[in-house]
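Take a look at the structure below.
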Amino acid sequence: MTTRRTATMLGLTTLLFGAAACGAEDETASPATTQPGGAPGTNKAAPVSDKCTSSGATFTPATGVDVAGSPTFTKIKTAGKVVVGVKNDQPNLGYKDTDGKRCGFDIEMAQLVASKLGVDPAKIEYKDIPSANRETAIKAGEIDYYVGTYSITDKRKADVAFAGPYFIAGQDLLVRKSDTAITGKETLKGKKVCSVTGSTPIQKVREEALTEPANISEFKTYSECVSQLVDSQTDAVTTDDAILKGYAAQIPSQVKVVGKTFSVEKYGIGLPLEDKALRDKVNDILAESFTDGTWQKIYDGTLGKSGSPAMPPTLERY
Amino acid sequence: MGGQPVTSVLYDMPGPRARRRNRAISVGASLLILALVAYVLWRFEATGQFEALRWKQLTLPAVQRELRDGLLATLKAGGLAAALALPFGVIAAAGRLSDHRLLRWPATAIVELFRAIPLLILIFFFYYVPLDYGTSIPTLWALVLGLTLYNGAVLAEIFRAGIVSVAKGQSEAAYALGMRKGQVTTLILLPQAVRAMLPTIVSQLVVLLKDTALGFIITYPELLYVGKQIGGRAVYGFPYIPTYLVVAAAYISMNTVLSLAANRLERRTRRSFKTTADVVPPPQTGDAVGGV
Amino acid sequence: MGEFLRVFSDNRSIFVDGFLTTIQLFALAGVGCLVVGTLLGAMRVSPIPALRAFGAFYVNMIRNTPLTLVFAFLIFGTPKLNVNLSFFTFASIALLAYTSAFVCEVVRSGINTVPVGQGEAARALGMTFTQVLSLIVLPQAFRSITPPLISILNALLKNTTVAAGFAVGEAGAIQDILSELGEKRTPTLLWITICFLGLVLPLIVAQRALERRWGGNR
């Protein structure tokens, strides 16, 4: 009896693995490159590919760089590589595809900084750090800097330093492509809203009573929320528009970003607290990219594919 | 559990009319169940769950490697937790059986405390409290420590029940022969108790393995977490269902194998003459529920 | 110490809301799993092979699957079946489906502890199935069923925290909410533990008392 049970279980497993194996004969049809501007013409069966494609900006390592008085820079120079904290599940922002390649707006900003510090971007060591551990990782020296939807707040400035902002995001809404009813935060009444458990955007929705409490759902990851959106289990996903744009750029035929942003989040590069020299240097790097078109090129090739334009922000040095 | 007992307390031996009725109900029930399964499969098909695109990821070697790494991470966490929980259980059980109140009360308090706190909260404690104080502990260890304390406390109960279940006559005879408590425990009680406890211990280890699935909440990359990541890829149509089916198959196979081992041990113990101790049942079925 | 107390008093409503949801989940899933579990138990001992097979299959599948996976299937699978319920309902169903497998086993072994002779004698006296069940079998099985049942309910109460990972804002989600508000996690977690102990302790006390009175059938 129990051997029969085992046999059934093992049979089930092999069946499922077998199904997975035969599942994909002719799927080479997925387009490998995306059209600029996020062409919405693709049908549901062939969305934008998961494979990482860069924006096209090239980063040649600068030579003869020196940042006097920066212990972190000395560490980077001696190691010959740089350790960067990033996210890995935000499409077109901080993403790791099925081949292990990294791409996205934040990733390319990290590569830009690394190259201007004299490090070959190919030699970057990426570390996936969840949001709760960011300050600890920087303080412990586990990473040299952090680029991953890291909002500059006074509270955090007590633990880490910020260079930037390099992007101004704001809370916004992601809805189904066909949805015309939701145009902004005022039109959320009676609609279901989803975000990550306990995150600031969903608390804002609660505080401002943008929708009834029964319509609020929270999951552990944004992907789950977006999946629920596509399945019509929820009507809107809310978080920073940068993250939403990333999803919209990946599946432009199914979702879109609407409305104006209703909060302000300034993304900065997290750096060790006491290292002013490095902070100034990184700010210089950012300022240069704003004016010489690199920033724009990176944006247009990543988040810009969602169809929403953006401009470089103003630096806030301190 | 092979065939049905001839008479059971609730049902009488079926006569010809009852047999016919039973067969009719059986056929009806089977049809109903098949209809349900067919409906589920049909709906899955209609929403494209069997579309090649959704299963495509699972054919990519990179994704298969992700799954394999997730599986290994699950086994690693489970193995470490098991290796730590067993000694913890032994020590706690020894404390609870001690004659000295100074040892007994703290041990009892610890065991009861860790069984009352939800496992998830225990894991949160280990993961988030260090962050409050400026250090961090790897997610693996937060998970392992939480599992160790909770399952260690349950194992302590199992060990204690095992030692207690060895027939009193054995320890009485040993004391009559002049052995001290330490000798009685290690030479007489433990060897017999261990055989009785083995199946229950293995069942508890199955629970431990299942509980590693809580790791996803603190982003430990175990099998369920990896499954969520794979399923969350928008480009492949959010293939949560296909991925979860594979993940479920993996868990069920792993646990079935372990449970079979437990069953086989239980059967062999019952037939053995070397012990007078009955196989120890799970101390409280609730702990076998696992989940948290 | 004052800081510790403040964390609770400032955020009292969040704690209360969270634990209220926990209790609601527990009540719904608890009552439901007792009913469904008994049904499953009856199926497993019934003379109808199809029902026995289904009961055995269901119980074995569930017992070897992590609770979190059951949740995941319900939350992400059932929408495909055009079943659109609230997440709270899904969470209750997930907990119910999971726990009833264990209730089933307890009920089944409880029924099996009643000697066959009792049932045969009752039937010889001409009692109907319902009479046998309610007058003879269940009262005797009650003693051996109740203590394990209470500990299963205990585990269910603790398992409700898993719902925090799946869109239901109960006790497990409290610390995420509070930390976004800027509270330190240590006092938050301590308060959650205290509240949980408050809920769980009555169950444990009841169970120990019952075990002592009835001597524990095992």
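In this document, chain identifiers A, B and C correspond to the written order of the chains, with residue numbering beginning at 1 in each.
Just so it is clear, a residue touches a chain if its C-beta (ideal position, glycine included) is under 8 Å from a C-beta of that chain, and two chains touch if they have at least 3 such contacts.
Bear in mind the structure is a predicted one, so any value in this text is a computation, not a measurement.
Arrangement of the chains shown, judged by which pairs touch: all-to-all, with no pair of chains left without contact.
Top contact pair of chains, counted by C-beta pairs, is B-C. Between the CA-based centres of chain A and chain B the separation comes to 37 Å, rounded to the whole angstrom. Inter-chain spacing, taken between the CA centroids of chain B and chain C, is 16 Å.
Our note on geometry: chain A versus chain C, Cα centroid distance of 39 Å, whole angstroms. The residues of chain B that reach two or more other chains are 1, 128, 131, 216-217, 228, 231, 240, 252, 256, listed in rising order. Residue positions of chain C with contacts to 2 or more other chains are 60, 64, 76, 80, 164-165, 175, 179.
In chain A, the residues touching two or more other chains are 5, 9, 132, 220, 224, 227, 231.
Chain C contributes residues 42, 45-52, 54, 56, 60-61, 63-69, 72-73, 76-77, 80-82, 98-99, 102, 105-106, 111-112, 114-116, 118-120, 123, 129, 132-133, 137, 147-148, 150-156, 158-159, 161-162, 164-165, 172, 175, 179, 184-186, 189, 192-193, 196-197, 200-201, 204, 207, 218 to its touches with chain B in the complex. Those residues of chain A that touch chain B in the shared complex are 1-2, 5-6, 9-10, 12-13, 16-17, 19-21, 23-27, 30, 44-45, 47-50, 89, 91, 98-100, 130, 132-133, 136-137, 139-140, 220-221, 223-224, 226-227, 230-231, 247, 250-251. The residues of chain C lying in touch with chain A in their complex are 60, 64, 76, 79-80, 84, 86-87, 164-167, 169, 173, 175-182. Residues 5, 9, 132, 155, 194, 197-200, 203, 214, 216-220, 224, 227-228, 231-233 of chain A are the ones that touch chain C when the two sit in their complex.
Residue ranges on chain B touching chain A, taken from their complex, read 1-2, 51-60, 62-63, 66, 128, 131, 134-136, 216-217, 219, 228-229, 231-238, 240, 242, 245-246, 249-250, 252-253, 256-257, 260, 263.
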